[in-house]
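Structures follow.
The two complexes that follow have subunit A in common; it is paired with subunit B in the first and with subunit C in the second.
Let's look at the complex of A and B:
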């Protein structure tokens, strides 16, 4: 029974991770900007700035193919029937948007595709001659403009204007006017005579791509640990993540251990001496600590303890020259002096929270009947506290710790920014701002997996520690 | 007056001690400043008299250039330097965006400042020479608006979903096969309409019409217990809750700020609401689970009171107090989130000034202790007040 419920939980968790990955994937695709262009500037920087549109398109297509961005997004695409069939294969992405707009405003997909093919062949015809002939250059420019004009009427207007300009130019290479004539013919066909839709064209068309899609490739690469390249500096994304994870684990782990040990001890103490004067003083201090915003505390620390305005006993930020120290102990001494302030900032708030929970839990335990019976048996207060109450009171705190596990790994951006520590929070932030998806997605999926896992783990610990706990599913 | 005193006495936690009273007074002060901020800190005077003409610049659209055009002898008119015949100024004669070029940037509150005491920057100036006090007054508005607004949205989403999840569970809400077919067909029709070659407003209108008519139809032919097919409401709601929990908050905030075409503070508010409603829903779910087992609810069920009515009359009102306590704590965490985001420079437009932004400026200029101290104290005391109120309320309800 236990194993079956565990198995079901794991399957649920997997499904959850799948949904999260799909949502994250689509959200990333909604962000304005063309991913291929980002890669283009990384891989072929000379083509990104190239003026020759044909060369640029070729480089674009090459990079898109290399990075798998020429594939459709998902296993299944649903398109209105009025859209061209192979819309999701058209590159660059800006052309795709233009074609979509044309098709939507006219409902004539064949004519739209004809126009697009003519534009492409016009580009191939005119652009190589752009250096030698003014007219070809003009035509090349016009075609590039047309490919970014979603409104057909203004596109028509542009064609007519170019036609007018070039008809006076006697040096224009042969065929130029014929190309423009063709464009004009197609676009007039598109603008005039709205087409009656057939009954079937009201229904959307479905396209099944199989595993040949971006999401599948991305997930497969992610699961098989395929090397991913960061867009910012071209480094391996995995090594970037592990570097950052190291620091976050050290920083947050220290803060976590400090908060738990101190929090549990203080909670135990104030639960035992609840109502005494010195206890209420400690209580008020903890309450204030809880309300203290950690970023303000960090700024105050830096101002008072390390900026030199008042005192300068702690280094202001970074990790220090720990690489230079040969001795193991000296290395850690340098590191720890740099980590003291951030660890304090991170732990003080959670310390207050944990100790409050622990105190409440200890007080609850004191009201339990078993304490009374132990007292009547003559067991000393010390033994009751140490052997019985401590163990039982720790139980709700354990579940809380389980819930805090994801935070341990995700890093705390604000503290890392203030103390300039290269942890996960900062890595995630810089990567997100730069749309560096190869770094963002592994962190995201990793964090989601830890969150989901911590739920299962907390549940198991809960059941193991208290067998009376009923499964919520029943 | 008597009823006002009675109202104040009935504030949650008021009778529990001096701390909670201070907290309420502080919160009301912040709220007052937030509402009347532009009347307290503004470079325009309430009233001024020039060449025998009376003007009320703060309440009308009289501008400096307008006055300059009307009174060429005084041109150019400046609210601060022009000699008016008589003038009533606001307590803080600077707006949050007024740049005092004469005083300059990073002026300490204790530094000797040019000009009379009336135009003194009591809390100093920031990096651009804007008055810190005016910025703090503006910050009250931003913080309170985002804190309260986001939690209200979270409450409106979380409470209905959480109580529905607990009340109906996975089997409580049932459809007959016919109703289920209707639902299925409607969703299919809406799906197809969405891909049909018609304009988006038409699509939306048809979809809304279809949804409302189907909801009405299902409501009329409702049968809670007789149906065959149970709707797994609990699974659906808790599934969404876990999905949102699985996302890193930073990812959602940065992506939504990039793709939602709304004003910065609206997006920040909506994102915080999106991140907070799961905890409200979870809280409400636990509350309703507890209440479902109580005898008075069972009695109501035996008496055949409809589910809607039990929920509306007997469950949600009784869960009000614990939910409001977690609402208070939620507002404080939303304010903390907003000021952290402003501190990092995420979300709000760059020209906007608030507590987090003021605090962030001190990082470029370590001498500026006033930029560390005052905004930080404002955030700290707001959070402390909210915690105190929530705590006092919680203790009061446990008794």
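Let's look at the complex of A and C:
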């Protein structure tokens, strides 16, 4: 029975992960910006020279191909029948948008592709670096504008304007006017009476791409742990993730252990002394800590305990020179010193929550009939608390442990940034901002898989620990 | 009963243990080891591919440029070469009527492994850029002006660089870039199998074997191995350790060839024996680290923090505060293609609504100075006769009226019929969530409203900002322009040929007169003619206000008093190699 239940849960989990991966993939495609152009441009070019458009298109195609962006998105494409079949092969992406608009407004996909091919050929003719005449520049510029003009009437206007300008220019290279004539002819054909869709053409077109698609490349890479290359620095994405993961596990693990131990102990004490004045004081302190945002706590700690404004007894951040220590204990001493403040920041907030849960659970246990029976039998309060109440009151905490597993691995961005710890939170954030999908996707799927797994494990542990749950199921 | 006092006892023990372990050592400065804050980790230390502005200073300490602008004198100074080349006219051969620059590498100059720096490394660096599979297009367009490179067959240290046409940045194109050691970055000697001429031929068809070799080199060249592991050059420092997300450490080379040079220029001097760049993203944490003595120098200090700390007498004793002017300018990019902003009267009206001093004081805490145009105020050819605009709401209202805008529908915002459609005087400022840009935008919105402008802020993702900037899909955008000590070449930002989708003329402003002026500036060799050209250029931009120039920020640097700091207007405002112990 339990095995069947486990199997069912696993299958559901796999299906859920599949859905998450598809949503994540599509969301990444909706992110604004062009990742290839972002990669090819320089933030701080020393000499901002203008780029040769032909070279840029070649470079774009090269980088896009390397990243698999010339593949269709998914196994199956559903496109309006007015769209050209090979739309997903068109690069750069901005050209695709223009072609879609042209196709939608005219329903003449073959004519649209003819125009596009002629525009590309026109670019090769008009934009070579050798020819820097004004006429060539003007033609080159016009063609580039046309490729970014979704409105065909505006495009027509631009061609006529350029035609008018260059017809008076005797230095215009041979063939210039013929090229413009050709474009003009194409656009007039497109503008003139848009074609009405025939009956079957109202239906969308379905294209099956098999495994030759971007999503498949993503998932296959993730599932098989195939080397994925970071788009920012070319490193193996897995090694970046595991490098960050170890710090996150250490930081969050220590914080979690501290919060659990202290939370359970404080909760046990609070439940035992509920209603007393000192318990109320502890309550207030804990709720204050719970209410304080961790980033504010971090800033306060740094200001008062590190900077020297008041005290300077803790480092201000980083992980310290632990690399230089050969001795195992010294290495860990350096690390723990540097992790003290961030661990405190992370644990103090959850400490309040855990202790309150534990307290409530202890109070509930005190009201159980078995406690009265044990007292009647003469068992000491200390024994009742330690051997019976403590164990039974832990069940909500067990659930919390299961739910906390994903948090352990996801990192805490703000604490990592403030304390300069190169953990998963920081890695995820910097990779997201830089659109480094080979790093973002594995982290996301890893987190999702761990979350799902942790809930399954929690269920199993709960059933094993609490016989009442097991017997209810049977 | 539960034992009393166990919890406070436990907490005390934990804190005591932590306190005992956390005793910090006082900083040791006698070994000239300096720690500098790095606000962001560069993605690589490969000059051709690195994009981060923080990579460049580190790269230059390892891979020395052939010549570089001296941080103090701002003149192009020979580093790897014996002297700056002089342009000579070519009177015979295929480059007749062109120019030639003859370089000679220093006899002492050698790579980290002791091999000499030669013309072959120079040629290799060029060839690597022109490999069709290497993504270095921005570099290609800068070096395209060079027609040919010839190494002296009798002396590999001598190189002749030919230009068939005149280019304002010919010195820079010849010398102002980092040199790569061919034998380290091309261990298989692939690029020696190709000539520069065939690599630059756009119609060259490669054989299968050649294509495979070129791809192989490009893959290797653009790999993590050369991004962060093998980073080697002729500079005074070598990469000692790079702990991802933590720090980058450089160590001074023992027996570095530059130590043999008598009266070395600034950039051939290197005092610190060790430079550690600590990656600290958060400015407040970096400030704390500086105060605690964990780092020795921090730049890009937030203006308000800088003001507060510099006014605190306790910290004034321990830290030094410097504000060198930087070669950047903050401005509002206006899309002149927009139907509203196409009218120069509206652009000027907007310019006259701004409280520039208010922007300086609120955004930069006064740590900036006004500027009027696209030439940096520290340039010799900056037009001092052009006075900075000031807020003048009456002028603004008059210009709006003159441009035909009037509030006909009583909604408080002037309107006008443009191309048959009623348009409100409504503009959108597109920006990401960067603090400085946001602060500027909010002030602009508030100021402009006094003259009737209805300004909305359009906060978008940084990726969207870049895309919209490229596609010219914006009306107003707060931006920053960087300058270099080399002569200004307005071609990229102001010439009409760059006004296209994806083009670098973002404002879309150009006139035939300006185009001609820009072309003359690029090719003129006469200093007086150039000065007159720059003056005219500034006058045109000032009159038309195609963009609104705001201020030149002062860099805010705080450093420990244990080090002697020399500042520069070259970014980042200091030079690590020139840091010395105080009093030395």
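The rule we apply is simple: the second predicted complex is superposed on the first by the 441 of 474 C-alpha atoms of A that agree within 3 Å, B and C clash if a C-alpha of one lies under 4 Å from a C-alpha of the other, contacts with A are read in each partner's own complex, and residues count from 1 in each chain.
Keep this in mind: a residue touches a chain if its C-beta (ideal position, glycine included) is under 8 Å from a C-beta of that chain, and two chains touch if they have at least 3 such contacts.
Just so it is clear, the structure is predicted and the values come from calculations on it, not from any experiment.
Engineer: With both complexes overlaid on chain A, does A:287 touch subunit B (first), subunit C (second), both or neither?
Structural biologist: first
Engineer: Check whether A:147 is in contact with subunit B, with subunit C, with both or with neither, and answer first, second, both or neither.
Structural biologist: The answer is second: A:147 touches subunit C but not subunit B.
Engineer: Please work out whether A:303 is in contact with subunit B alone, subunit C alone, both, or neither, and reply first, second, both or neither.
Structural biologist: So A:303 meets both subunit B and subunit C here.
Engineer: Thinking of the overlay built on chain A, is A:104 touched by subunit B (first), by subunit C (second), by both, or by neither?
Structural biologist: First partner only, subunit B.
Engineer: Scan A:319 for contacts with subunit B and subunit C and give back first, second, both or neither.
Structural biologist: So A:319 only meets subunit C here.
Engineer: So, does A:464 touch the first partner subunit B, the second partner subunit C, both, or neither?
Structural biologist: neither
Engineer: Quick one: subunit B or subunit C, who's touching more of subunit A?
Structural biologist: After superposing on chain A, more of subunit A is contacted by C.
Engineer: Considering only the touch criterion stated at the top, classify A:27 as touching first (subunit B), second (subunit C), both, or neither.
Structural biologist: Touch partner of A:27: subunit B, not subunit C.
Engineer: Quick check on the superposed pair: does A:242 touch subunit B, subunit C, both, or neither? Answer first, second, both or neither.
Structural biologist: A:242 contacts neither subunit B nor subunit C.
Engineer: Examine A:433 and indicate which partner it touches, taking first as subunit B and second as subunit C; both and neither are also allowed.
Structural biologist: In the superposed model, A:433 contacts both subunit B and subunit C.
Engineer: Indicate the residue numbers of subunit A shared between its subunit B interface and its subunit C interface, in ascending order.
Structural biologist: 31-32, 299, 302-303, 307-309, 417-418, 433
Engineer: Touching residues of subunit A toward subunit C in the complex: what are they?
Structural biologist: 31-34, 37-56, 58-59, 62-63, 94, 128-130, 137, 141, 144-145, 147-148, 232-236, 240, 243-244, 262, 265-266, 268-269, 272, 299, 302-303, 306-309, 312-319, 323, 333, 336-337, 340, 381-382, 385, 417-422, 426-427, 433, 435
Engineer: Can you check the complex and tell me which residues of subunit A touch subunit B?
Structural biologist: For this pair, the touching residues of subunit A are 16-17, 19-20, 23-24, 27-28, 30-32, 78-82, 104, 107, 197, 201-204, 287-288, 290-293, 295-296, 299-300, 302-303, 307-309, 410, 413-414, 417-418, 425, 428-429, 432-433, 440, 443-444, 447-448, 451-452, 455.
Engineer: Which residues of subunit B touch subunit A in the complex?
Structural biologist: It is residues 192, 195-197, 239, 242-243, 245-248, 250-251, 254-255, 258-259, 332, 336, 339-340, 343-344, 359, 362-363, 366-367, 369, 372, 376, 379-380, 383-384, 387-388, 391 of subunit B that touch subunit A.
Engineer: Would you pull the subunit C residues touching subunit A in the complex into a rising list?
Structural biologist: Those in contact with subunit A are residues 1-2, 6-7, 10-11, 18-19, 21-24, 43-44, 51-53, 56, 132-133, 135, 137-138, 140-142, 144, 169, 172-173, 176-177, 202, 222-224, 227-228, 241, 243-247, 278-282, 284-285, 287-289, 291-294, 460-464, 466-467, 470-471, 482, 484, 486, 489, 491-493, 495-504.
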